[in-house]
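One chain, chain A, appears in both complexes that follow, with chain B as partner in the first and chain C in the second.
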Partner chain A sequence: MSSITEPIARGSHFNRILVIAGHAFTQLVRMKVFYFLAVFAVIAIASNFFDLPQHEGPESIGMNVLRSIKSWSLGTMTLFSVVLSIVATALLLPKDVEDRTLYTILAKPVPRFDYLAGKLLGVLILVFVSLAMMDVLMTVVLQIRSSMILTQQIAMAQAQGWPQDAIESLRAETAQHGPNWALQGAVFAVFLRASIMASLALLISTFSTSTLFTTIVSFLIYFIGHFQADARDAYLQAGQAGEGVFARMAALVFSLVLPDFQNFNVIDAVIEGQAMPLMVLVKLSLIGLYYALFFTIASWFVFAEKEF
Partner chain B sequence: MKAWQRNGILLAALLAFGATRLPLEKSLGDELRKDGLVPPPLEIGTRDKIGQTSSAVALGGLRTLVATFLNLRAFSFFQEQRWEDVADTFEMIVDLAPRTRYYWETGSWHSAYNAASYYINNSSMPSLRRKEAWRAAIYRGRAFLERGIRNNPGDWSLLSTLGFMLTDANKFPAFRDPDATFITAADTYQKAVDTGNAPAFVNRAQFYALARAKGRETEALALARALYADPKNRLPTLQALLLVLEAHENPALDTAKLAVELFGTPERALEALSGHWQRTRERFPVDGVASALGALEQTLAVPPEKSILNKPLQVPSGPDQWFSK
Partner chain C sequence: MAEPTPAVEIKGLVKDFKTSFRRQMLRAVDDVSIRIMPGEVYGLIGPNGSGKSTTMKALLGLVAPTSGSCAIFGKDSLKVDSRNDVGFLPENPYFYKHLSGAETLRFYGKLCGLKGKHLDDRVSELLALVDLENARDRRLGGYSKGMLQRIGLAQAMIQEPRLVILDEPTAGVDPVGSRQIRDLILKLRERGITVFLCSHLLEQVQEVCDHVGIIFRGKMVKEGRLEDLIAIEDQTEIIIKDASPELISQITALVGNSTTASLVRTGKPRTTLERLFLRETTQGKDS
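For the complex of A and B:
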């Protein structure tokens, strides 16, 4: 145990956080979470086979397959990242209590904030690494398939006598559905949403009495977070539909307390072949960072005076 | 610090945090919605129809994944020829993924082409009911596509698909006024051209639609001349229609001479105009074609028994033939 706690006790806040993060990462990797990547590989490859017949010209040949690969892959990434971030974070504190690692660490001169931030960072590194590996796999599958489709499209367009400019336009349109920066941005948006959930689960786990409670409440908040914008709009447009004061106040509290995940649905637009402006990603990143910082500080506030 | 004090501070901080992020998120949400990067909220009816599990998954940020599942389900319905279920499923799919061209085109195709053909051939129904079901399927396919265009106004392919449907010889007989249908098709193709992304054939398709609309011959002729100026557009249909419209404009025109000018040789002119003469199903105009064919056959010494003008024309098949028994 001392091999873990000794380096934690020494050095700066940043070093301590990194050591704890590294330990949390190793702890989670030992739970064999990366086995999920095999499942993801099967899904990414299987999504290639949903090439349904359709009424099509060169411009739409095979486009459904590209969309299917993106839809299945990003959907799986979303599910995996959200489940992993919630469950892993919910497990960390109770597991450290159970293993008695927590007592050893907190007996050293380790600020509780460093401990929480390190644990959260460990989970986020795990989610990031997993998503990066899935992203590489998805990009490779998509690259191979989009090259095949583009070859077919161009052959068909040439056979139909399309002029070169139209073929170039077709090539650009197909590239929108292939591996591009917007898709990488969408994967990063998946990571940001998972980061918010991990930091929220950390906050819940600081006052929760069980892992199950943390997990269930976090998932509920995740789903409700996709309606939060509706509540906010209901509050902001209140009075137009004759809502009462109570309904308006309820909508306000709902929108202030719960996170808004609807803006992250920009991922769907990328799956549909739209481009994601860099500025949108920057704004989403700032919002994600804002959430993560607030929830981590709030977690420390609760955890700081907690007795074990 | 007592527990109630700590909880109070935490709650106040949570509310303050919410108050600071609320305008940021609202502004970003409005921006994304304006740019079409976030789909509109899911209709309550759609949430009910897709079921609780799918609804939860869709609301959990996986709308396109649920749309993909539903597309597979729609394909099963298509294989089982359950047309109402196919149409209902595509209604749900486009609610989930309104910016995906494929779903609009495929949903419309299933209705206007597959379901409509099914009713032509389904002998278990009385002819009047089959005819009405056929017409309703085409109308529904058209309405679905028009809704897709309203949702994706800059998509040339959706506009072109609608134009194709309205000029399809198996579809336009379903609409009451063929001339109005051809004019709508030409306008639709024009909108596709105006997007700036449409391939050249869309421009030609616009002309083919306009050439068939009675009363728009002058406009069609101007377009034909403009298209003909580009050698890439010199295809037999366009060349034949240019001749027809020139003959309509000037009935005294020597069409045989013009035909040779347009097609290069009398042999090629005869072949192309013979093909045009026999394309009765598409309702292309034929002004001046008979006189041109007669003169060309005389030049090429085609015996009367082999004359295209003496061969019976294909009777245009349509609802009257399909639903006669």
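For the complex of A and C:
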């Protein structure tokens, strides 16, 4: 059987991808997906009230509540971004096939790669915009609350007669738990993880005929991704089984094909107030880019041969 | 003078599909060849499941031939650039319900590389052509079946293609909508656009097509100019208006005196039920 090949069409690839991405974004926005922002706002505000009593000294005042705001906000961002990226991607392609709108698009001079890349980009823009809006909301809540906490801390420290350098040190420590660049890096890491899931869902939806199948398998792989590194290490260290070249090759292929989401555990460290080194962010970006490209190119290979 | 490049050239097209049961092969199209010259309106007719849609999909590169080849204006159908010159309206298309009529045309126009004022003008021109100017900003979710088919036809023509492929363009459309689509096809013919139409509504094909192919169980069983195919060579039809009974008697006697000719039938020609329906419903609308 001859393959369904691609070259030369009127208009540039980039423009067509942008047109399809813009359309996919509009389609999802008009499905009212931004309603979840109201839910996020409630969660971000409600997380202000999860303050366990802890009054050992000025440095402890309100730390739990700042951690709680970050933890709930980043957790909700992760949930929404992963659900959105999987469900939206799983929905778009089968819907176009079912409604036969795909025929009208592919009957135009649109290479199949442009179609896939456009759909994925549309979902990623939606996830990015959603995360950006949630990030703004979280930053505002965190800024207000950390200012209030800092005022309380300084007042208590001054009342207890702390020296000025200790107060400055307290101010710096509290700032680490407030809105900072590490937190923005963590939000970007959430986006990278969602991007990997969106491109994975795209790959699955190219050979699956049902949105439900794509969604379930994607979530399954998402959960596997959180412990695959442990499983791989345990296998390689389990006596003779892990010593062979074949076993090591298999483990390598496994890690190249299935994303290891333990790399994204740095988000938890940021919640605890630790900094995120630039190199860690660069490493995460490269991991995200690798898997997104790998899954998108694999999707194209499947989709290029698909018949409708 | 050299013969122009055919708008459509399908040579020995064979398409097999794997069935889910025991992975047996099902031959949907069996050695079909079609040649459509620029400006022709070609109707491919056949019962459901005879291979019409598969032939069209192969021509559009949506399925790959098992053997044989398809070309549009000399360009291989499997190459994307062959689609620069073709517009396609699939059977029962839904399009994006969240877009308005104008947004739909703009989306397809942009996919074809149109932009700016040229695109705006083209959208307005096509909305006028398909009589949807009043519904240009209404979302497609609120369109009737006939309106959807017409916006579908407009999107097929957005990049001014030289070939338009229509798969059952009037399926599920009421007679008035069906007539509007038929009139649009005739307008395309007047503009010199090649139309490749597939339908099982024979009367409609007869009204608009000048070439016809009959496909049955995947094989082309008859093909040629419509006039040649449907003419009864040994009969002649004379239709007379306001003929008196005496005149009819004289003509009948004249034919009776002939040694070679014989009278087959006399009577009043009948209108079709569709024409009657259209006349009645259009009058009702006008009053």
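We adopt the following convention: the second predicted complex is superposed on the first by the 276 of 308 C-alpha atoms of A that agree within 3 Å, B and C clash if a C-alpha of one lies under 4 Å from a C-alpha of the other, contacts with A are read in each partner's own complex, and residues count from 1 in each chain.
Simple rule for what comes next: a contact is a pair of C-beta atoms (placed from the backbone, for glycine too) under 8 Å apart; a residue touches a chain by one contact, two chains touch by 3 or more.
It should be emphasised that the depicted structure is a prediction, and the values quoted were computed from it without experimental measurement.
**Q** Could you say whether A:41 touches chain B, chain C, both of them, or neither, answering first, second, both or neither?
**A** In the superposition, A:41 touches no partner, neither chain B nor chain C.
**Q** After superposing on the shared chain, does chain C or chain B touch more chain A residues?
**A** Of chain B and chain C, more residues of chain A lie in contact with B.
**Q** First (chain B), second (chain C), both or neither: which does A:26 touch?
**A** A:26: touches chain C, not chain B.
**Q** In the overlaid three-chain picture, which partner chain does A:156 touch, first (chain B) or second (chain C), both, or neither?
**A** After superposition on chain A, A:156 lies in contact with neither partner.
**Q** Mind working out whether A:63 is in touch with chain B, chain C, both or neither, as first, second, both or neither?
**A** first
**Q** Tell me the contact category for A:133 with respect to chain B and chain C: first, second, both or neither.
**A** Neither chain B nor chain C is touched by A:133.
**Q** Once the structures are superposed on A, label A:108 by its partner contacts, choosing first (chain B), second (chain C), both or neither.
**A** It touches chain C, and chain B stays clear.
**Q** Output check: A:100 vs chain B and chain C. Expected answer is one of first, second, both, neither. What do you get?
**A** A:100 sits against chain C, while chain B stays out of touch.
**Q** Hey, what residues of chain A end up touching chain B and chain C alike?
**A** 305
**Q** Where on chain C does chain A make contact in their complex?
**A** Going by the criterion above, the answer is residues 57, 60-66, 78-81, 83-84, 86-96, 98-99, 107-108, 110-113, 152, 155-156, 159, 165.
**Q** Sort out for me which residues of chain B touch chain A in the complex.
**A** Against chain A, chain B makes touches at 1, 6, 9-10, 13-15, 17-19, 21-22, 24-26, 28-29, 31-32, 35-39, 41, 56, 59-65, 67-68, 71-72, 75, 97, 99-102, 105-106, 109, 113, 157, 161, 197, 199-201, 232.
**Q** Using the touch rule from the top, collect the residues of chain A that touch chain B in their complex.
**A** 50, 52, 54-55, 57, 59-60, 63-64, 67-68, 70-72, 74-75, 78-79, 82, 157, 160-163, 166, 169-170, 173, 193, 222-223, 226-227, 229-230, 232, 236, 253, 255-257, 260-269, 271-274, 276-277, 280, 283-284, 287, 290-291, 294, 298, 301-302, 305
**Q** In the complex of these two chains, what residues of chain A are touching chain C?
**A** These residues of chain A touch chain C: 1-12, 15-16, 19-20, 23, 26-27, 30-31, 99-101, 103-111, 305, 307-308.
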